[in-house]
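What follows is a set of structures to go through.
Shared chain: chain A. Partners: chain B in the first complex, chain C in the second.
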Partner chain A sequence: MKDLNTQENVVDTENVKIVARNVQVYYGDNHAIKDVNVEIEANTVTAFIGPSGCGKSTFLRCINRMNDTIDICRVEGDILIDGEDIYDRRVDPVQLRAKVGMVFQKPNPFPKSIFDNVAYGPRIHGLAQNKADLNIIVESALRRAAIWEEVKDRLDAPGTGLSGGQQQRLCIARAIATEPEVLLMDEPCSALDPIATAQVEELIDELRENYAVVIVTHSMQQAARVSQKTAFFHLGNLVEYGETAAIFTNPTDPRTESYITGRIG
Partner chain B sequence: MGTTTIVILVILALTVLAYSVARNRALAGAGGDRRKLHSLPTYYGTNAAMFTGVPALGVLVIWLLAQPMMIESAVVKLIPDSVIAEGSSVGLVMSDVRRVANGLDIVIRSGGMTREAALALDTTTTDVRAALAAVGVALGSDVKPKVLSAAQAHRQQSSSGRVWMIGITLALALIGFAISVAISKPDFRARNTVERGILALLILAASLAVLTTVGIVFSMLFESINFFRLHPWTDFFFGPKWAPNFRGNSDLSILPLLWGTLYISAIALAVAVPIGLFAAIYLSEYAGAKVRSAAKPLIEILAGIPTIVYGLFALLTVGPMLVNIFGRGEDGLLGVEWMSGATAVLTAGLVMGIMLIPFVSSLSDDIINAVPQSLRDGSYGLGATQSETIRQVVLPAALPGIVGAILLAASRAIGETMIVVLGAGAIAKFSGNPLEAMTTITTRIVSQLTGDTDFASPETLVAFALGLTLFVLTLGLNIIALVIVRKYREQYD
Partner chain C sequence: MSRKSSLLVQDRRTKKRNAAETLFKGYGMIAIAIGLLMLCILVFNIVSRGAGAFQQTFVTLEVTLLESKLDKNGNRDLADLKKVSTFGYAPLLKTAFEQKVTKAGLDTTLKTKAMAGILSKSAPADLRNFVLANPDQIEETVEFEFLASSRVDGYLKGRVSRDSIGNDKNISVEQLDFVDQLITEGSLEKRFNLTFVTGSDASDQRPEAAGMGTSMIGSLFMMLVVLALALPIGVAASIYLEEFAPKNWITDIIEVNISNLAAVPSIVFGILGLAVFINYMHLPNSAPLVGGLVLTLMTLPTIIISTRASLKSVPPSIRDAALGVGASKMQSVFHHVLPLAAPGILTGTIIGLAQALGETAPLLLIGMVGFIASNPPDSIAAGLMSPNSAMPAQIYEWAKRADPAFYERAWGGIIILLVFLVTMNTIAVLLRRRFERRW
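So, the complex of A and B:
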């Protein structure tokens, strides 16, 4: 059984953005994440795949300390971003989350105008000197999220009035506007139709230029399409991590192979 | 035991009998094999019981309600205007007639007079008043011949009415019994009939609630129309003064009362809205599960305190405390002489505000909880703190619902009575000073209708016009609140 839990670390150590060492997560008495070690690179899309309940979303939420909002959740081990331990006492989780943006499973635009949705983060963190500055930030975020052309004439319209795919891209724009370094995406396409999914996937690939993107997905095709690295989680363990192509064509662990070929999950 | 009671018991006995007879007949028809029946045996029984009991008892109830009214209107015609004394009314004479008729019944029952002797009574030969006084029925004056004959007619008609009632209801019960037992054969769909009977029962319950509301509105409406016949509506709605005078010529304007009502309600809301809202935010966003499960019921206990107790609290605790602060000259806390008595707008407003806290907090708490967690996560994910999230995301999302909650609280405040009766005072005036006593619509309704009242004078009838205005006001607020709340609900479900 020993070799089942080892993983190949084919990582370019020059470019590492996030390092997780011996991370354990408990929900009350439930040991949800067991001893996860991983190094996530900058300017790379990393996909977390695995069957439901395997802990991939839980681990994702550790990276921006969103689990802090859940009372019974306890995290052990170290997670370092740029060599700095984010679970250190001196780190303010609120500041951390500005640096590590997150996009959720269901599009969740605030009940505000499109403009105010995107301006929310910059306003909170005081990123804009003045109104003109804010306009520039909002426009560039919407452009980078590939939704500017669709909404530029109706920035005052409520964000909740957009279609599902547009809402999700608005949420991505909202996350980008805060100028994060890492972008976490928790099944960002699971509530979208195929066309909107294609648009968001295209966007994810473009976002790689500026950010380290970590995406949790249930769709193995999606992981294969958008990611360069893939991590396979099973029952709270990180089973295998490596180049996406290698994971999908030549998995080393029998569990990964079973999952990819559809025998577990 | 009265005849009516006996009739009811007979009908109930028939009903029980119908149940068992129909059930057994259906079973016997199937040769004792219940699988050959369309419905379970109890359904045949219930069906028969329904047919026997319901029409008979229904007619009985309607008869009991209608008979006195019909006899009354028939007897009123027998009373000539000459009998009605100066300053009296038909109503007073009619109550005399009823009392005499009742008294004669009692005399006969106690054996003081035979039935025939009672019918042959004559005011010239017998002192009817003394005869009735002997059995404990006191009359205000000697019985006039016309009143006596009216009373005789009253007795006559009620006894013949009673005979008809007994005959018809028993006949209905027997017919129902016969038919329902006759149709209780194995292929009769008793189950379906019983189902329709239950449906009818439920519809009846629902329509009773609605009809009662309609009835209340109409009775208010008619009395208000009576009032506006006696008093100019321009004075009621636009007059400057509220000065009821039971000798007539009153100034009855709603405006000073409306001002007092709105002023006190505004103070109450100024107290209840911030406290209630902050409490709701704490409970729904910050408090842990343990604190929440303990604190929420505690706050809701406030809603269970009778308002008269709040009134006492206003009169005995809050009022004197305020006088201590704002009054009593040199002895007071501020050394000023602004407040003379415990009853004041501020006293009533503060206490009413305390009463409204649970309304605002409980409703707002539910509404804030209904804001999807995904919105909060989205805000936290962007690096917002908890209070930033609440101020900029949760509250704007919950705002329509919170406005609805506040409007509901406002309509409670406007309709509240006991706190203002005890805490606000009785002076109707326009004043901006919250330390003065003022009065509200509800307290004036209470005072116009307590004590000796004459339902023909505008000073009494004005209470109904006030009540109707109040009803329209609170109904309007409730409707607006419900529309807003419903609109909000549609957004997230």
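So, the complex of A and C:
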């Protein structure tokens, strides 16, 4: 696989947050990710696009080692966050996941109160010294997730009682409450209606200020709207990676062009 | 056939399909109707045969506690009073009947011994117990309610009739005539009998005095043992297997074996208990502790299977969510998965307990079918270690005795057991309803 972005990556090394080198992922005998090299920048929204089953979600889940929970999954190669190999023996995935938050495809709030949903992460990581601290953390997370105004009067209500879009923003608040440095989003809007999608997209753009955001999406319009960098995956290969505008207007690889114009996928 | 057809007329295919569906629905309803009919027959049978056990015939009698018979020294010394055996009390009953006949002007040719024969064989013992408890009542005339003998009781319940007692040496036609007179006179009547629920078993000669109480306590202690052991062990095993254990051939074998254990006949567990707990570990025979241990073995697979099922039914997205914010595996299980699975686990546990409560076969092998007519145990340790029976074992014990009066009690015992089982299952259903999935 030829890497088309070598030049560009060299330029951006100052700001690189995540580096993947020769990453291979196997599900049993199935070679799901083939030799992926990518450098993801801080304070940038990076979109992973590609047809179903191309491995974009699998690769995303490698970044916070969620694939560890799948017995038959095997990861080779290096993924470095701030220069540290997250697949090193000494790395505890639990610590890693506090640093790399994740938002899932389907909103999955805990069946607890809104407050407890957000407070859960800070509690188990000991981020709050006392109740007042915790209140501050929860409020700021909810504010940053742009849902504070809607739920401030009913923090004791169950999180599962919110609408789909609110639930997803609650999940984002839950993810950022642990002060992560990277935020992974696995098709965060696929279960949402257009209005909720617009709200979440707006939020993603704001989150860029503080985090490196990686978003997997099926919607090319969404990728074009929210991301600065786009990676196109096809059959386990990283076909093309570069500035979003460049990928969508002037793709170099014929496969990218076919996908964007709707001929494959 | 033309392509054009009216929607108002069903074509042949549709008619056939609809007919098949109607027929299938009919079969379903017939199946349910048969099931319900069987249930009704069962319940009707049990209730109609067992309800009698909750009623008993009592004879009201005024007995004069003669000092000359009971306390010849006249010093009311308990040691001296105890020397008078139940035989010494029998004459008092005869005298009491004699007085009753004269006072009420009853017309009978019976000898006083035959009159006293309509009372339970436990009557003199009841009298003696009263006197030993209240020595100051000696020389007084006290009104007692004695149990009638099982034959008289059977006569009032319709089980015994003048024709059926031809060769019965326990009761005669004259005695039944006398019973009729006592009924008219108002001193012999059938009413609710709490002793059946609270009392302990009685000897072959006195079915009228037998009760389920002691065996209920035996069952209670067994269930405590089962709950204390099977719940934690079962839940811990399921959590490990479901959430932590790697999926490989070893866990596959364990899983298959647990399912197999659930299908092992309970008598096998009984033999195992006999061999291990009694012969090898030398735990006491007939003790609820041993019964509880055996039933624990039997209940464990049930609890493990239902716990694993309810853990499985917790959506993986909850686990992902917890892991995603940096919870450890154990935190995700104990903070999120287990609370959500708890209602299912409780339901499974209660159903497992109900199963264990009704289990008889293993108890036969560890000897929990003895004749236990003792008083209730006075401590938890005694309750666990001293010989006892259990409800189903008690029912079995009664059912195999010859006297038809015991047969009635066996059915009565089944009613009590069923009440327990239905209550437990209802609680299980209510728990499930109350905490049904909230995500």
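As a convention for this text, the second predicted complex is superposed on the first by the 254 of 265 C-alpha atoms of A that agree within 3 Å, B and C clash if a C-alpha of one lies under 4 Å from a C-alpha of the other, contacts with A are read in each partner's own complex, and residues count from 1 in each chain.
Quick note on the criterion: contacts are C-beta pairs under 8 Å (C-beta built on N, C-alpha and C of every residue); 3 or more make two chains touch, one makes a residue touch a chain.
Only a predicted model underlies this, so the values are computations on that prediction, with no experimental measurement involved.
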Taking chain A as the common reference, can chain B and chain C both be placed on it without clashing, or not? Answer clash or fit. clash
With both complexes superposed on chain A, which partner does A:Ala175 reach: first (chain B), second (chain C), both or neither? both
Does chain B (first) or chain C (second) touch A:Ile136, or do both, or does neither? neither
Touching partner for A:Ala157 - first (chain B), second (chain C), both, neither: neither
What is the contact status of A:Ile70 with respect to chain B (first) and chain C (second): first, second, both, or neither? neither
Choose the clashing stretch of chain C with respect to chain B from the list 23-31, 77-85 or 95-103. 23-31
Footprint overlap on chain A, where chain B in one structure and chain C in the other make contact: 64, 66, 69, 71, 94-98, 101-104, 106, 108-111, 120-121, 124-125, 160, 171, 174-175, 178
Please name which positions on chain B make contact with chain A in the complex. 288-289, 372, 374-385, 388, 392-393, 396-397, 491
Can you list the chain C residues touching chain A in their complex? 246-247, 315, 317-328, 331, 335-336, 340, 438-439
The answer for chain A against chain C in the complex is residues 64, 66, 69, 71, 94-98, 101-104, 106, 108-111, 120-121, 124-125, 158, 160, 171, 174-175, 177-178
What part of chain A is in contact with chain B in the complex they form? 64, 66, 69, 71, 94-99, 101-104, 106, 108-112, 120-121, 124-125, 160, 171, 174-175, 178
